[in-house]
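Presented sequentially are two complexes of subunit A, the first with subunit B as partner and the second with subunit C.
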Partner chain A sequence: MPEEKEVLLKVDHLKTYFPIRKGFFNKVVGHVKAVDDVSFFVNRCETLGVVGESGCGKSTMGRSVLRLVEPTEGSVVFDGVDVCKLKPEEMRKFRSRMQIVFQDPLSSLDPRYTIDRTLAEPLKQHTNMTDAEIKEKVLELMEKVGLPAFHATKFPHEFSGGQRQRIGIARAISLNPEFIVCDEPVSALDVSIQSQVLNLLRELQRELKLSYLFISHDLSVVKYISDRVAVMYLGHIVEMAESEELFAHKLHPYTQALTSAIPIPNPHLTKQRIVLQGDVPNPANPPKGCPFHERCSQCKAICREERPEFKEVSPGHYVSCHLYN
Partner chain B sequence: MKKKKQIEGEQLAPRHASGWQIFCRNKLAVVGLCFILFWVAMALLAPVISPYEPNALDYSVSQQPPSLQHLLGTDQYGRDILTRVLYGARISMWCGVISVGISLIIGTVLGGIAGYYGGVVSIIIMRVMDAMCAFPSLVLAIVIAAAIGKGTVSAMLAVGIVSIPDYARLMFAETSSIRGRPYIEAGVAIGLKNSQLIFRHVLPNCMSQLLVKATLGLGFAILTVSSLSFLGMGVQPPTAEWGNMISDARSYIISGQWWMATFPGLAIMTSILGFNLVGDGVRDILDPRNRTGV
Partner chain C sequence: MDEPILKVKGLCTEFKTVDSRVRAVDGVDLELYPGETLGIVGESGCGKSVTALSIMQLLPKGVGQVVGGEILFDGKDMLKLSQKELLSLHGRDMAMIFQEPMTSLNPVYTIGYQLSEVLRYHMGMNKKDAWQKSIDLLKDVGVSRPEQIVRSYPHELSGGMLQRVMIAMGLSCNPKLLIADEPTTALDVTIQAQILELMGKLKEEYNTAILMITHNMGVVAEVCDRVIVMYAGYVVEMAEVNELFDHPSHPYTQGLLKCIPNINEDREVLDTIEGTVPPPYAMPKGCRFAPRCPYATPECEASKPELYDIGGGHTCRCFRYKEGNPNA
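Presenting the complex of A and B:
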């Protein structure tokens, strides 16, 4: 009997369009539909993995949820609060509850700040701790992410990639958030370091009851860390299900093609690879109908005309494809 | 036991060189600093060093070559060149500081606003700056100095105004690039206000470029004020200023009184060289990557 899960974050029909400006007067000549009508939810203490190839809007989606990029339309409800409707001042305060870990750990740290200063900054901003308390808390945070205390007065460029990412994670958890967007947190790291950082994220999740929106283009990473997985293509979520369910029953043709690209570390096993034809369409000018129809092997007439609905086809398994209507 | 503990700590904690140590690694910068300190000292100590008045006329000793009485010789009115060069250092240092101050402050604010907020504001500000850049800076300085009226203050103002676009452009480029860096986004994510972002993260990261530019700008300002004075638009005679000393002396170069123009010229050269060399050293200090290791 699965326990009742509490929805922490609910995103409905989120759209983030970037205007394309041209000419001397910066006239808006069109929009890049980076995130185009996505809906999903994240339960408390759960990890929702988001996969998709580069440029499909995963990062923009993560940033839109935190309003680091202003969404064009739609609602983001976090623990009953519509984040998109918060005034700037309220939003600033609310940010302590939802944090982000960036892809490139070096450029996400101010090069002029020593690590203790970087970690003290959010604490100074949101709490009334004294300097001594902050210092203690900084050391505690560093210990939590596995950094010895003597690193505190170093500059970011003096660390290795894995250590920098630990600092990024320490900053994200410093304000005891409930939700963290992990924007490709391990893709800039060596494989051996990747697993360390992933395990750290898992431990912290258990310990601090965190929920993650875990964005990655690496399917094996997502499979490892996620409870549920959403597959994105061209600004849309095409399929979303429990991790095991998704990898066992891939419904959407895009998911099938994508998962067939996971390398198997066994040279004797050969696997049928589905190789997609063509390129990802331009998100400034997406195709009519299903966004995937131009590259889909099972494309039908209706796919060219109508955009498929995002529907629940079996409990907890959502897919957006005309094959399953 | 205690000693052992100390050594352990030393090994683990990072060793960061102080700004002065980094500066000293750059030998040329130290030479430059010596030039600047020399001229500052000369400017401050001018009355102590020289027994003469800078504007005292004495036709009995006019056009004397360097001698023990007049170490650098005298000009056509019998004024002591050494004295005038020393007093000229006062004017030049002030001109440098004031005009760089004007352009640094105004340019930084304008460029910063344009770079941080972007959009229409940046288009308006930067196009005005571009328009100013379209004129050769010396010509523009002459026009401004002529419009405000001749004199020391208007020369400083003119040079200050002419250099605003340089700082604005630099600041615009720096802020708009820093604006898009992830650590600024990280700042937004931890709930910093715009003002906090600007003063804690954007400005300090532009600082190294700005300070280097400003040190180099001091040399440029001294040179331009001297040029204006040379052309008769800046510091007015009889006030001693390197540019107008050269201007006065130019007809005597051919007739053999080389000392009249040479020494103020050397003064301009060494002070500008000093500022340029120090600019390099300042750049080294401000790069946190140079802090590692002693």
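Presenting the complex of A and C:
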């Protein structure tokens, strides 16, 4: 048996709603329920993968955890501290422990800063290092992510997509964080570069004992990098389990459809594909009952009326579906 | 065997930059037969989209230019056609579907107007018939409530829905050739599955030749009959789809297939192709893949390999196959 795992991040009933305003007085006429009551945890040195289609709220969830978007309700407990209750100044200091890598590396780097300046910035803000120490640390960071030192005085536009993403990763690990939200870090990259960055993230995790919340729409990537996986749909987590368990026993009809929809690079494979009908419903006006019932092939009467509970059906395997109640 | 509907020989396309000319496509040959789906795969910047735009003669005027080779479509030399002749071809005999349906439709006209415009221009239909035909076309591509959708504007529809509209528009005049440039890249996987299924169904129905441009090997395996792999502006390998996945021959194709995480396999470490694609202004003199190739020899750095035939319609641009197949 592996040693007892320590929970690093625990999120309870997190909700992030965006108000819809209308009219002259900006009256709130409704809410887009981007993240609607999600609960999960991330263990130390573990990767929790989050998959879902566009608009399912996975990025908003990642940002809410870091309070880059203020959550509406719920609690985010990081290593015993409720992040949502921290005052702005405390939060600023606390951010050195939790970082983020963004999807588009070009727009998340300042185009007027050279790379060494970008990488030195967090060190200046959060530590008392001298200039010489900072310089040394920057070079060390660059080496860690596989960027030769002569790149230090270049600007972001001079790099390729993969290199830029390495810079984004170097910036995220510069303050020795314990937790990094990776928000689609490889989606903008070509496959040959994607595998380089994925391997780098894994190496760094082992070396620096990092925990990741890895957000992606690509199930194969998530499967490769994650220890546990959560599947999101319309602001809810519909299924969560250990990676192997999840892919071996897909319980939720949405997970089944999602995995069967992936084109497999093997022309001999003829597989039974579940093709979902229709589109994802509008999160401002979600269907009553189970959020997936309109597209579900196994929809029952109760699914239209009542929202299923997020329940543990076997050890560590959570699912929110009436079929398993 | 039938005559190929599209024949491209030695296509070279260049772009003007401030101080030089950049060759984006350097000597591409391909043949496409009626009812066949030919895939072009490669990473960004390998010239796959420029190849498609060259075939369509849609390169940006004054910037991009075909500087060599010939493009024969249905016996006509595309490079010699006048603007007027091109206009009558586009949308009728050859159609194109773009990556981003949101930016390819006109935001100020309704879906119905844009669909019937094609029909009225090419088929000489009157307004009423064209409108009715638009509704039928939308029904064909699996749009529910087509009577309502024809009245809506592009911003009111989702990406998957818009891509269906684009496909309906592309197929409206029953073209002989359909070029699909990354038709599912901007879409979610469940929607991608819907669109791929639809394209397969329509291909059988209309017997259209499809040139499918994609970077996704999974999509290739699913829909293509033959595949061309491009790297840095030229073709590195061409084969039947089963042959390509069973016996990838070029080191780049082999690397590309190995570095995709596969949902049906467990792997500790992903294989990678070290380094990056060379920029078009600094192409290596010899084989363009040599700087990243595990098998590179001095010969690869000195001279450019040809496309060697390794049997069964399988060709590969690598010196290892100069004297037949070393693995055979």
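As a working rule, the second predicted complex is superposed on the first by the 325 of 325 C-alpha atoms of A that agree within 3 Å, B and C clash if a C-alpha of one lies under 4 Å from a C-alpha of the other, contacts with A are read in each partner's own complex, and residues count from 1 in each chain.
We take it that contacts are C-beta pairs under 8 Å (C-beta built on N, C-alpha and C of every residue); 3 or more make two chains touch, one makes a residue touch a chain.
Just so you know, these numbers come straight off a predicted model, no measurement behind them.
Look at A:142: by the touch rule set out above, it reaches neither subunit B nor subunit C.
Contact with subunit B, but none with subunit C, is seen for A:99 once the two complexes are overlaid on the shared chain. When the two complexes are overlaid on their common chain A, residue A:263 makes contact with subunit C while staying clear of subunit B.
By the touch criterion stated above, A:110 is placed in contact with subunit B alone, subunit C being left untouched. Once chain A of one complex is fitted onto chain A of the other, the partner contacts of A:154 are limited to subunit B, with no touch recorded for subunit C. Shared interface residues of subunit A, touching subunit B in one complex and subunit C in the other, do not exist. Interface residues of subunit B facing subunit A in the complex, by the touch rule stated above, are 9, 12-14, 16, 120, 123, 181-183, 185-193, 196, 200-201, 204-205, 288-289, 291-292. Note for the complex: subunit A touches subunit C at residues 53-54, 160, 162-163, 190-196, 198-199, 202, 217, 219-221, 223-224, 244, 247, 257-269, 273, 275-276, 278-280. Those residues of subunit A that touch subunit B in the complex are listed here as 26, 63, 66, 68, 92-93, 95-96, 99-100, 102-104, 107-112, 121-122, 125-126, 148, 150-151, 153-155, 157-158, 168, 171, 175.
The residues of subunit C lying in touch with subunit A in their complex are 43-44, 144, 158, 160-161, 188-194, 196-197, 215-222, 241-242, 245, 255-257, 259-264, 266-267, 269-274, 276-277.
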